[in-house]
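By written order: A, B, C, D, E and F. Residues from 1 in each chain.
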Amino acid sequence: MTPTTRKKLEIIIEAPLLGRVEALLGASGARGWSVFASLAGHSSHGDWRSDGLSDAQDKRLVIAVVSDAAAQAALEALTGFFQDYPGVVYVSDVTVLRGEKF
Amino acid sequence: MFDLAAQNLLSPAILFFALGLAAGLLRSDLSVPETAAKTLSLYLMLAIGFKGGVEAARAGLSADFATAAAAGVILSLAIPVIAFYALKTISTLDRPTAAATAAHYGSVSVVTFAAGSDFLRASGVDFGGYMVAVVALMETPAILVALMLAQGGTAKRQGMQGALLREVALNGSVVLLIGAFAIGAITGERGMQRLDLFVNPLFQGVLTLFLLDMGLVAARRLREARALTAPLVAFGLLMPLVSCACAVGISLALGVRQEDAAMLAILAASASYIAVPAAMRIALPQADPGVYLTLSLGITFPFNLTIGIPLYQAVTAMLLG
Amino acid sequence: MFDLAAQNLLSPAILFFALGLAAGLLRSDLSVPETAAKTLSLYLMLAIGFKGGVEAARAGLSADFATAAAAGVILSLAIPVIAFYALKTISTLDRPTAAATAAHYGSVSVVTFAAGSDFLRASGVDFGGYMVAVVALMETPAILVALMLAQGGTAKRQGMQGALLREVALNGSVVLLIGAFAIGAITGERGMQRLDLFVNPLFQGVLTLFLLDMGLVAARRLREARALTAPLVAFGLLMPLVSCACAVGISLALGVRQEDAAMLAILAASASYIAVPAAMRIALPQADPGVYLTLSLGITFPFNLTIGIPLYQAVTAMLLG
Amino acid sequence: MFDLAAQNLLSPAILFFALGLAAGLLRSDLSVPETAAKTLSLYLMLAIGFKGGVEAARAGLSADFATAAAAGVILSLAIPVIAFYALKTISTLDRPTAAATAAHYGSVSVVTFAAGSDFLRASGVDFGGYMVAVVALMETPAILVALMLAQGGTAKRQGMQGALLREVALNGSVVLLIGAFAIGAITGERGMQRLDLFVNPLFQGVLTLFLLDMGLVAARRLREARALTAPLVAFGLLMPLVSCACAVGISLALGVRQEDAAMLAILAASASYIAVPAAMRIALPQADPGVYLTLSLGITFPFNLTIGIPLYQAVTAMLLG
Amino acid sequence: MTPTTRKKLEIIIEAPLLGRVEALLGASGARGWSVFASLAGHSSHGDWRSDGLSDAQDKRLVIAVVSDAAAQAALEALTGFFQDYPGVVYVSDVTVLRGEKF
Amino acid sequence: MTPTTRKKLEIIIEAPLLGRVEALLGASGARGWSVFASLAGHSSHGDWRSDGLSDAQDKRLVIAVVSDAAAQAALEALTGFFQDYPGVVYVSDVTVLRGEKF
């Protein structure tokens, strides 16, 4: 297993939109991802904090380690997505074992 | 009547809401874990739906149900339109935010229904158990009206409408309310024997704990309300009265039973904070949740809980009595 | 009998399971927070264990307990073997997956026990309170059998066996069931006075809410079941009958009380979805959880809950009556 | 008396604590989700506060309340000083850790209060409902004393003192206890009718589940206790007796009702594990939580729950009887 | 939207101190951040695990994608903070869309 | 406190195996780590989502900032681990204050 370099996408979006972002990742060729819940946050739109009443403003963090091609495709799709919806995406390089998985 | 209103104000449930509100405004670190709050609200919907179903079964199907249901649906279609143009007139809200806010007022609040039920029962007003089904019917139509008011949106989101409609129709709270209502209606007294303690004596306690949390959340909303202008606050306090008036009018027009009309007025005046906000984040993301959640949770809900409910009951009693 | 079976189908608990199943299959966003589900299942084990202990204390220690316990352990050792070779014969499952699946059917489901208790009590079959202890005894032996069936595995995992045995023996659900049973037995009536409301009238309600969640989870499993072939579905429906038959046979052989035999048949037919899956992820990671969790939760549990339980009771009544 | 102590040891609640302790020490994977534990403790404070308020309203305001409150506050100011110098004498703890630990013993444990209430009521000792308010009054003063004992700290943290005072004063558990007490006092019997089942029969069950979790947490603390030396263990077992003695002394001096004095002794002997630890992480971060949380949860709480409570009651009965 | 490089701060602190760290981030010019709950952890100070009794030892992960200037300012402030309080901070480079947001 | 470079390991594994991975990290010379719960995820093995019935398929994210040596050791150990168990590991460079901590 020779270490290889892949792209790590981190996407922060609102909970009700998770399904759409996952669909978009799949369509971009991402083979896998993990979803995490955020407790609270801050941005130019103000503070938010997860309350159990409505998940309208809850945020999810989606981490996807993907190939450069998939990263490129996902970023293009997300550019459109973020014209309509709030959220954040950032990318970094990671080294993985079993590069073929991603 | 005033005595009852005072008693309502001094019920544990409402005082715990006030406690939460005060603690939140004072920035106490008191907080209810969000998964607990979500579970409590599932419980409330399960219990409310089930009890309504059992009562409906007791009473048997009646034309009154159909009448109340029709009135409820009409209200949830009409109120958003009124709310939308009211907001456009009195405030400077952008179109999407006005439409999203309107959707909240066309829809309903299950907890307001619960508090209203307590008050009406205590006042000897026995509305039909089927009103729970009316609650469910009134939850979502307003969402569709609001979308039209906001005029669809970009082609991209147009493509989403299909998915959105499914999500709205299968919204968890609607499914649970309707489902629990049906199960209550099917199992009737036999079912109630098994769940009696769970859905009846336990209910007040859970509602109390939930209202404590709602007070905390409402306070957080109010504290962070940057977008809240005087006209918007006025809207949050007056729109419920307008909705109540509409409810009375339609009840007269369609001949809704007076007892049901009282509950219908409470429902019309209530604003959603569960189903609608999530749908709006999907359908009208440009709309500012800081406006509609603050108005619904921070202004209208407390108003209805304390002053509104007794007021609507008095009004309907007067005009339809 | 049929009347009872129908009543069983129309009990609130089972209808809420059906509601969850339907909502899940329709992809509604209705969901119970996972920490809530975990807490509810802790409550159910605490209440079941405690009630069983109090009843056992009431009845006093009896040879019947020993007989039922022996029968239970034998079943949880034998059933996995049958299940394993059945799977190897009718399906193309790889060895580890077949072994892991077999372990689930050798172990038991606490919620099936709870639903079975309700049904048997309603049918006037009063099995011994000590059957709760039998549940605990039946939870884990199947895991060890399955490991042998899968033939240990690599040396690396061999090294883990020690740790694994400790984990299996101290599995949370087993510890809680046994512990609560012991506490019930020790405190007896005096303890029951203090917890009566908590473990008795409240139980039905919590079970109902939990079954709603199980319906949702089962539906998700079924929706994502890629690995589910016709032979596997057949296994999920027929294996419980085989297990029931084994239970009847052993009960006759060892002379288990007829009432206890009815519950033993229900336990034998039930499949684990709490203790065993976690153990299998550690011990047989190559086994596909998409197979065993889908069969246990998506096929066998609903079958037992609706048709199985009354059927097993009828069979045991007939053959041992 | 001994009989009662034995009964206390064999109550379900305490046996479930022992179960949790045993499971934790054996490294079972049994665990209660943390959000569930947090929600249960909110419930306990709500119920305890509300019940106390209703009882206080029943009895009406009395000078006894003022006396008990004064005694409680004095104790929570004096005990940290004693504890601090005791720790400096018998142990090698650094100054901040000694001060932080002292704060825990000056403050109180709500669950110890609940267990103590059960025991005293069972022993026919009916202390005043207002003792719940005394609990709230005793929660935080010790924090301030400890800060002085630790001598402020760096200028940077000095700047924080303002924020800290607000946080301590508005600590969630204090706000909820006081608020629920006030609501109980305001709504009285009428309110109790609505919440009776929720705060009374349900209480024992929730307390039992919560104690199971406390046993698990205490065990984890003990397992990971690297900092625990013999002198510290001795402190954890003897300090409660010293606090009890102080309580008796002050009760005699101020003429606290004997029934209230018994509860005051239990409160004095109890150590905080909710409000104080969080405050100490902010105010005295150099203090080692491995010391104060292990002592409070792992040593003193189990001691009070099992041996302490009956002992303190016996002592006060003897000396003030 | 040309991708631009920003700094990603990850800060692990005790729950009772979250408010102070958020204030410090805001003062350093961070425009947004997200908060996550940690379940358990290990360090030279031993193991910890979140229990519901007291959040005294619960840990929070704060992720803030910020400009280099804000990162610099935040790190200086955190250096002082971590002289008093336990916790960890680490920084990495990320590529973002809409660089002006950060 | 001069900033220094360290390795950040991110390991996604199934909840029942957390203890084993923590032991493996400790043995590799990691001085600290943090554990997070994942809500849901996707991979070639399909979708999963955390339900409260069994934690069999729940996933945990373990973040460990470690020295290069510890990273190397951990990756070798994990290579063996991932021959038996599902999961993902990826590594990136981070800058830390107080490099001596890691």
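Rule of thumb we're sticking to: a residue touches a chain if its C-beta (ideal position, glycine included) is under 8 Å from a C-beta of that chain, and two chains touch if they have at least 3 such contacts.
Since we're looking at a predicted model, the values are computed, not measured.
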{"item": "Chain C and chain A - chains in contact with each", "value": "B, F"}
{"item": "Chain located farthest away, centre of chain F as origin (C-alpha)", "value": "B"}
{"item": "Remotest chain, chain C as reference, centres from CA atoms", "value": "E"}
{"item": "Interface numbering overlap (same over half, different under half) for chain B and chain C", "value": "different"}
{"item": "Centroid spacing, where centroids are CA-atom means, of chain B and chain E in whole angstrom", "value": "39"}
{"item": "Chain C and chain F: spacing of chain centres that average the CA atoms, whole Å", "value": "34"}
{"item": "Chain C: positions in contact with at least two other chains", "value": "32-36, 38-39, 197, 202"}
{"item": "Set of chain F residues in contact with two or more other chains", "value": "36-37, 92"}
{"item": "Contact pairs between chains, per stated definition", "value": "A-B, A-E, A-F, B-C, B-D, C-D, C-F, D-E, E-F"}
{"item": "Complex contact set, residues of chain D against chain B", "value": "35-36, 38-39, 42-43, 46, 50, 166-167, 170-173, 175-176, 179-180, 182-184, 186-187, 190-191, 194-199, 202"}
{"item": "Sites on chain A touched by chain F in the complex", "value": "1, 3, 6, 8, 22, 26, 31-37, 60, 63, 65, 92-98, 101"}
{"item": "Chain A partner contacts - residues on chain F that touch it in the complex", "value": "10, 12, 36-44, 59, 61, 75, 78-79, 82, 88-92"}
{"item": "Chain C-facing residues of chain F, complex", "value": "14-17, 20, 45-47, 49-57, 80, 84-86"}
{"item": "Residue numbers on chain B that touch chain A, as the complex places them", "value": "32-41, 154, 156-157, 160, 163, 213-214, 217, 220, 224, 226, 273-275, 277-282, 285-286, 289-290, 293, 297"}
